[in-house]
Each structure stands twice: as structure tokens, then as C-alpha cells.
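See the structures that follow.
In the two assemblies presented below, chain A is common to both, partnered first by chain B and then by chain C.
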Partner chain A sequence: MVEFLQFTLSGISFGMVYAAIALSLVLIWRGTRLLNFAQGGMAMFTTYVAYEVIRQTGSYWAGFVVALAAGLVLGAVAQLTVIRPTLGKPELNAVIITIGLLILLEGLAGIIYGGQFRSFPTAFSIIGLKAGSTPLGVSRFDVFVALAVLVTTLLLAVGFRYTTAGLRMRAAAFNANVARLSGIRVARVITVGWALAGLIGALAGVLVTPSTFLYPNSMDSIFVLGFTAAVIGGLDSPAGAVIGGLLLGVALSYAGGYLGSQGSNLTALVALGILVVVLMFRPDGIFSGARVRRV
Partner chain B sequence: MRMQSSPRILGAALVTAVVIVFLSIKLDTFRDYQIAEIAVEVTAVAGLTVLTGLSGQISLGNGAFMAIGAYTTGLLLLHLSWPFIAVLVIAGLVTAAAGAVVGVAAARLRGPYLAGATLLLGVALPSVADAYQGTFGGDQGLNVVFTTPTFLGSTFPLTRWQAWVCSAVALVTLVLLANLGRSRVGRSWRAVRDDEVAAALAGVNVARSRVLAFVVSAACAGLAGALLAIITELVAPGAFTLTLSISLLTAAVIGGLGTLSGAVWGSLVIVLVPTYATDVATSHGLSTAVASNIPVAAYGVILILVMLLFPQGIAGAVRWFLGLFGLSSAPTWRRAPAPDAARPAALLAEPPETREKEGTQ
Partner chain C sequence: MSSPAANQGDAEQEGREQEGREQEGREQEGAGRKSAAASLVVEDLVAGYGGVLALDKVTITAEAGTITAVLGANGAGKTTLLRAVSGMVRPRGGRVLLDGTNRAGRGPEDLVRAGIAHVPEGQGVIAELTVEENLRIGMMSWPGLAPRRADRAAALAEQYERFAVLADRRRKLAGTLSGGERQMLVIARALVSRPRVLLLDEPSLGLAPRIMTQVMDMVVRLSRENGITIVLVEQNARAALAIADRGVVLNLGRVVASAEAQTLASDVALRHHYLGF
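The block that comes next holds the complex of A and B.
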């Protein structure tokens, strides 16, 4: 029972990171119907930025804030420079460009920092918390990870729901042409979506890197799991992304915990199993609206 | 629509074979190894070109199928020491079966969901090797023993023999795929790609057609995996990363998804560019960390530029160039002139009816 609690809590902590990646993918998907394969690479790159700032200033929080800002800028710049020219072209063009961006960022990180694994600091202690004498399987930092993503998600939800900018974004995602007719600058809204996605990705990178180490491919596996979470939840639904991330995190934690070393090796396979089962019954993810398909 | 006649395909294959044999004798062992590498890449990329260009499905997991082919080869050579040709056939069949299983699941999925499922497959499968170290050798992998046949004499270089074997398999694969593309099966793939409803009304079994495309593509990847096993003489999970799957798709796109010649162009770029870029970087006195990463970054830039400036890929550029002199005879799978070679994988996005409904068109 104690084990179960520990696995659940640590699963939630990891699940929140997957949720953050999933959320950033959903933000871009809703705006442009595009999967951003560079999301993980962008998060890796902004984490290097944080690493450099922390090394220069010695302050974790300076690095944290700069990383988020860098994510915001990187997202907007990527959209404006290489993604916007593909508007109106076949979707695969944009997808390949995001893959190109991923490879470019990983190459640049390798050129600047080399391939070695670097440790990345945490904001709070990573010593396991205890309830009385029972270890909970999570640390103060894990709690911070979960809270940081949760707060960001709530802020986004409130922003989308109650602000004019949020209304514009929802309108543009719902129907771009009508939104354009109503005077919304859809192109600008899409850029803002990319910037926000870059920010959330950067957050995920800074939060997860202490447990993966920092190297040019460090976000690859996290990206794949975040992607899985987004697909499980349904790419159209921000709430689905978060719930998909949590489900995946907890399920993988149980697999790793109860199946022993075999389980941790098979993480990706367990994720694949979950994905296949979900898609068998809901080919568009759990939280997608019902949709008619021709064949 | 112009069609290439079967004798012409065979003729082209024979000429290429002669050229490769000639080159492999002229060039040194390192170049021979590169010929083999290119042949492996061509085999895998051609399968992906068929899947994406012809049947309009996408796979980010063909690296996993290569892993299946490679491990099948490794295990068979290790435990049963069968002749390589038999091993190759079995590897192709095993991978085709795996492709059928995935294809059945994939036939239900569209666009990003298909991309997601295949991506995860590409990441998940190699980790099986770590989980069952007894069978698959874990991180160290399996050693593969591959030698030149005795009738060639003991002085015949192994790399040349590897180049010959790989090129032969690649050429046979290309000829078979070219013929398949022109057959009833190829027509049904194109029909399903262009309009599912029309295809179904015309009596094409849409689901079966999609699954078959996956099977063919997986079998090609399996053959490529088997070849990779004998040229690297090692089967280890490190060879079958996400990067491999992505590089296959990249090669297909850089070359041009419209034609099999695109698969050849793309493979040449993917194998040769990194080598030259590293050579240039090292000769300018850059450190190895920088030198080994410059091609990676360059490769990302090339990918972005090709997509922004020349979305039909190299094959499209070559066709355009030949067309200037009225020479364009390259077989094409689409009705010329294709507006954008990458059209098929528009499937990465929403199915068209949703987009029309939402008016994002």
C-alpha cells in the first residue's frame, strides 16, 4: 500500500512534465494543425541557456526565468522565420521543417557544449519527503515540479477563458476564416501560440533535466512520452493533454515499480501499449469531440 | 501519364549494377563501405517512399522494422548459421509479418495519430533488447559473423563483397517496387491516397490496401536491417534510435517523395554529406566535438532550406532540369506536373473534411 502511494506520487510528478510537453504540442496543434517535432529540441536548448546563466550568476532562479523567456522568444522566432513561409503549403513541409529545426538545435548544442552529460541543479531539496516515518517517494522538488506545471496550466486556462487575447486564440483555433473576418490577426495569434508553447516547453525542460542530465538528445525520450500523452488525451484538448500526461506518468511509474528492472527498460513499450489500447477505442484520443470520418 | 516499361527498369538496374561493380573494384575499402551503406539506406528509404509517396501514410518507426530485420539476421546467423540468402528471406518475411500487425492497427489511424503511434514504436522496440539481455545481448548487442564466400579466394576484400551483396539487394528491391508501383496494387494505393471514398466506390478494399503498403514498407526496412547487420557485423540497440527513423524520412523527403529515384538521391545525401562535412571541419583544425556536430547542424539547415525552397526534393529538381532540355523521362507516380511533391503526407494533418468544415482551408 505504501509502495502504491509512492509509485502514484512519483508518477504524478513525472506525469506533470509529460503534461507540460503535451500542452505545448496542443497549443501549436490547435493554432496551425501542425505537430512541432522541435518542441523537445527547443526545450533542450533553453535548458542549456538556463545552465549557462546558472553557471555565470550562480542563481537558480535567474536561470529559470531566463530559460522561460528564451523559450518564449525561441518559439516566436521559429514560427516567424521558418514555419510561417509554409502556410498554405502541404502540411508535411512544415512537419519536416520542425524535424530540421530539431536536428539543427541538437547539432548547435553539440557544437557549443559537446556531447557529455551535465548535471543540472534543482530548486529545492531532492531528499524524499516523509509522512511521519513513511517515505512518500517524492521530494520537495517533485512537489515543486507538479505545482509549477499545475499553476502554469491554470493560468493558461484562465487566460484562455477570461481574457480578450484568450478569446482571440480560441476563435482563431475554432475557425480561422471567420476569426479573420471578425478582425482577428490570425497570423499574430498563431505566433503567440508558438511563443506560449515555447515557454511551456522550456518549463518542462528545466523541471525534468535534473533527473535526465543535460545533453543534446536529453529531451528526445521526454518529447516522445509528452507526444504520447497529447495523443492519448486528444490533440485538440488542453485538458486532455494534462490528464493524458498524468495517466501516462502514473502508468509508467507502476510499470517501472512493479515490473522491476524489466519494467524500467520497457517504459516506451508500456507507453506504446497504452497508446494502442486508447487509440483502438478512441482513434482521436480520449477527449476529442465526436467526429465523422468518411471511411 | 508516362510509364516506364519493364525492360527499361531492368536495363537501368543492370547498368547500375555494372557501374557499382566497376566502382567497387576501383575504389578503396572505405568507399566500398560507403557504397554498402548507401545501398542499405536506399533499401529502407525506398520502402518509406512507397508508403508515404504512394499510399499516403507516414511512418516515423521504420527504424524499428530495421531493428527487427537486423536482430532476426543476427540471431539466425548466430544460432543456426544458415546461408545468408535464406537468412535475408526470413528476415524480410518476419519484418513483413510485424509490418502487418502494425499496419492493421495503423489502418485505423490518421495523420498525427499514426505519426505518434509509429514514433513510439520506433522508440519502444529497441528497448526490448535491453529488457531481454539473454536473448538479444543487451547494450553490447550480438556479433554477426559475415565472410566472403570461398570461391572468391581468400584475398578478396570483405567490404567489396559487402558492397556487392547490399547493392544487389537494393537493386532487386528497387526493381520490384517500381513494378509494384505500376501494377494493380500500386494503382489502388494511389487511388486510396487521393480519395478514399472514390477508391472504395471503385471497389478498392481501402483497409487492405493500406495494410499492404505497411507490409511492403516494413519488409524493405527489414531487408535493410539485415544488410546493416552484415556490414556493421554487429546488431545493437544503439544503431536503431529515433534519429535513424527520422533520417529515413528525411532522406525520402530530401530526395523527393514522388519517385523511387528520389529515394536514391536522398540516400546519397544522407550518407555522403555528413562524411564530407566532418572531413572539411576536421581539416580546418576544429575539435572532434565540433567536427562531429557540424554535419548534424548542417543537415538540419539543409532540411529546412530544401523544404522552404524546393519541396519536391532533388528528384523534382532533376526532373525540372531535364525538362529544360525536353529530356524528362523519369517515371513519376503522380500526374505531371505535380504542384508539390509532398502532397500525400498532407495526411499528417486533419482529414480534409474537418478542415473544410472548419474553413481553415
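The block that comes next holds the complex of A and C.
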């Protein structure tokens, strides 16, 4: 029972990181039906920015804030420079450009910092918390990870739901033609979507890197898990992305915990298995309202 | 184009005479609202998709505050005309004059700010948003960064008064509305943007006859009471000519007839050839 609680809590903590990546993918997918393969690479790059700022200033929080700002800017700049020219062209063009962007960012990071693994600090202690004498399997930092993503998600949800800017983004995502005819500058809205995605990706990078170490490919596996979470949630739904991330995190935590010493090596397989099962039975995600249409 | 109306039924003739009287009344009433209304002149407009030319030097004049019916068979270029005027399709040539200012080549985001609202065919509500959110989208073209709360509330109240059925459903998702309610909602959304020219594409498409009559009545009211210049694309030529001041018939991207609505309606040869009634 104690084990179960530990696995669940640590699963939630990791799941929130997958949720953040999933959320950033959903933000871009909703606006343009484009899967941003560079999302993990962008998060890796902004984490290097945080690493550099922390090294120069000695302040974790300076690095944290600068990384988020860098994610915002990187998302907007990437959209304006290389993605916007592909609007209205075949969808594959944009997909290939995001892959190119990923290779570019990983190459740049390698040129500047080399390929070695670097440790990345945490904001809070990573010593496991205890309830009385029972270890909970999570640390203060894990709690911070979960809360940071949760707060960001709630802020986004409230912003989308209750502000004019949020309504503008939803309208542009659901029906770009109606949005344009109503005066919404959809191209600008898409740039804002990329900027927000960059910010959330940067948050995920800073939160997960203490456990993965920092190197040019450090976000690759996290990206795959985030993508899986997004598909579980249906790619269209921000709430689905978060729930998908949590489900995946907990499932992988159980797999790693209960399947013995080999369990942690099986996480990629378990994630792939979940992805296949979801795509077979609920291709629109398990939270999609619409019934699957069989042709 | 001037065939005698000798073979028309009495009832139809009577209806037309009544229509004529109402038009006179409108001209007098419209004089006091001149500032709000705008004329729309389309000059030698050329537009197409790829290698296909959908509009070949189309010229149309819609006087301020009037209803102009654009008629013709499928593929005549009616929808493309509206899309080119609203900026959804970039014209390849010609001018779109709103109160004398050429607006051709601008995008729809700019044209709706200039006062041209386009209601595309197919009851294009955003199904995933509530009725009220759909209406609020009509405010996105308002000038200024943050419109006053009171102005926003007044704009919504005005449409809820006009369309009581929307007021009852304001918190419902637009996807749950019936076809007629959706058509009301898209027109209301366009009106929230405070248009001077309203482009309506097949507003009666797929609606029950009773609902269609309601929509047509409302188009007339918008022109008479609000002084909005209306360009109405319709498959149902008879219904459109019954409420229009002028009619324009397109065929294969060219204007083949342009006259007073009554004149077109009484031109038997034209009706048989192009309008199917």
C-alpha cells in the first residue's frame, strides 16, 4: 500500500512534465494542425539558456525566469521566421521544417556546449518527503514540479475561457475563416500560440532536466512521452493533454515500480503499448466527445 | 429585358406594387441615416482560383441602404463575388469601392473594420463556442484595444432583443442550435461588428420555408430600419427579387443582366433562361 502511494505520487510528478510537453504540442496543433517536432529541442535549448544564466549569476530563479522568457521568444521567432512562410503550403512542408529546426537546435547546443552530460540544479530539496516515518516517494522539488505545471495550466485555462484574447485564440483555432471574417488577425494569433507553447515547453525543460541531465538530446525521450500524452488526450484538448500526461506518468511509474529491476527499462515499451492501444480503440483520444466513425 | 408582365397573376402583381410603395417609404426614411449607410461599387472585378477565372470584369453598384440580389446558377461566380469583396479571395483586378474608397486587395480582417461584413454560406457558427461567445467574436473588429463593458453589453442586448431565440440559448454551445437558429446567430454576429455593408451568402439555404420567410423579413428590416446596404446571394431567385431593390444576374463569371428587381422578375425570358422560375 505504501509502495502504491509512492509510485502514484512520483508518477504524478513525472506525469506533470509530460503534461506540460503535451500541452505545448496541443497549443500549436489546435491552431494549425501541425505537430511541432522541435518542441523538445526548443525546451532543451532554453534549458541551456537557464544553465548559462544560473552559472553566471548563481541564482536558480534568474535562470528559471530567463528560460521561460527565452521559450516565449524562441517560439514566436521560430514561427515568424521559418513556420509562417509554410502557411497555405502542403502540411508536410511545415512538418519537415520543424524536424529541421530540431536538428538545428540540437546541433547548435552541441557546437556551443559539447555533448557531455551536465547536471542541472533544482529549486528545492530532492530529499524524499515523509509522512510520519513513511517515505512518500516524492521530494519537495517533485511537489514544486507538479504545482508549477498545475498553476500554469490553470492560468492558461482561465485565460482561454474568460479573456478576450483567449476567445480570440479559441475562435481562430476552431474556425480560422470565421475568425478572419470577424476581424481576428489569425496569423498573429498563431504566433502567440507558438510563443505560449515555447514558454510551457521551457518550463517542462527546466523541471525535468535535473533528473535527465542536460545534453543536446536530453529532451528527445521526454518529447516522445509528451507526444504520447497528447495523443491520449486527443491532441485537441488542453485538459485532455494534462490528464493524458498524468495517466501516462502514473502508468509508467507502476510499470517501473512493479515490474522489478527490468521495469524501468520497459517504460518506453509500456508508453508505446499505451499509444497503440489508444490509437486502436479511441483514435481521437480517450476524452474525445465524438464517437469514432468507422468507414 | 423589358418583356411585358401581361401574363403575370394578379396576386403577384399586387405584391410587386406593394413592394414599390415600401421602397418609396424607405428612400424617405433613409435620408436621415445617410451617415451610417455606405454605397458599395464593384468595378471590373476579376478573381479566380488557379487557372479558373470565376469573375470576369464584374461591375455592380449597390446604393447605400438598398438590397441588391445577386442571382445565377451554380458556378456563376456569386459566392466568389462575395469572397472577393470581403477579401477572402484576393482579386486579380478591378476595384471594390466602399463609399468611394478603393478597398480591393485588403484582407478580410481589414475589410470588416472598414464596415464590410460577410456572412458565408452554410450557417458558419463556431460550434464549439457558446452562442454568446460567437456574438462576442463580432466585437473583435471594433476599434480600440479594450471596448467599454457597457458598449459590449449594449451590443449583446441589441442582438438578444432582435433575436429572442438567441437570448434563451446564450449559454448553450452553438453546435446545439437548429439550422434556422444558426443562421440567426451568424447574422447577429455580423451585425455586432456594426457593418455598413452586409454580404449574405444563401441565408435561406437548407431552412424550412417558414424560417426562410423570417430570415428574408429580417433582411428587409436590416435595410429599412438600420440603413445597412445589403448584397444578397440567393439560389431562390423569386424570394430574393421579392425583397430586393435591384437584381444582378451572373452567368459564368459575367454580368448578364442588371436592373430593378421588378424589371428582372417580370422578364420571362431571363427568368426561364437563368433564374429557373
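Operating definition for what follows: the second predicted complex is superposed on the first by the 289 of 295 C-alpha atoms of A that agree within 3 Å, B and C clash if a C-alpha of one lies under 4 Å from a C-alpha of the other, contacts with A are read in each partner's own complex, and residues count from 1 in each chain.
Note that in this section contacts are C-beta pairs under 8 Å (C-beta built on N, C-alpha and C of every residue); 3 or more make two chains touch, one makes a residue touch a chain.
Note that this is a predicted model, so its numbers are computed, not measured.
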Fit-or-clash call for chain B and chain C when the two complexes are aligned on chain A: fit
Touch count on chain A, higher of chain B and chain C: B
Which superposed partner A:F174 touches (first chain B, second chain C, both, neither): both
Touching partner for A:L279 - first (chain B), second (chain C), both, neither: first
Angle, in degrees and to the nearest 10, that opens at chain A between the C-alpha centres of chain B and chain C: 90
Partner chain in contact with A:L235 - chain B first, chain C second, else both or neither: first
Partner chain in contact with A:I111 - chain B first, chain C second, else both or neither: first
Partner chain in contact with A:I96 - chain B first, chain C second, else both or neither: first
Touched partner set for A:I222, first chain B, second chain C, both or neither: neither
Three-chain overlay, closest Cα atoms of chain B and chain C, distance in Å: 9
Set intersection of chain A contacts, chain C complex versus chain B complex: 174-175, 177-178
Partner chain A, residues of chain B touching it in the complex: 58, 105, 108-110, 112-113, 115-117, 119-121, 123-125, 127-128, 130-131, 196-197, 200, 206, 242-243, 246, 249-250, 253, 257, 289-290, 292-304, 307-308, 311, 340, 342-346, 348-351, 353-355, 358-360
In the complex with chain B, residue positions of chain A that touch it: 29, 33-35, 37, 82, 85-86, 89-97, 99-108, 110-111, 114-115, 174-178, 216-217, 220-221, 224, 227-228, 230-231, 235, 262, 265-269, 271-272, 275-276, 279-280, 283-285, 291-295
Chain C-facing residues of chain A, complex: 164, 167-168, 170-171, 174-175, 177-186
Interface residues, chain C side, partner chain A - complex: 86, 88, 107-109, 112-113, 117-118, 120, 124-129, 133, 136-138, 140-142, 146, 189, 193
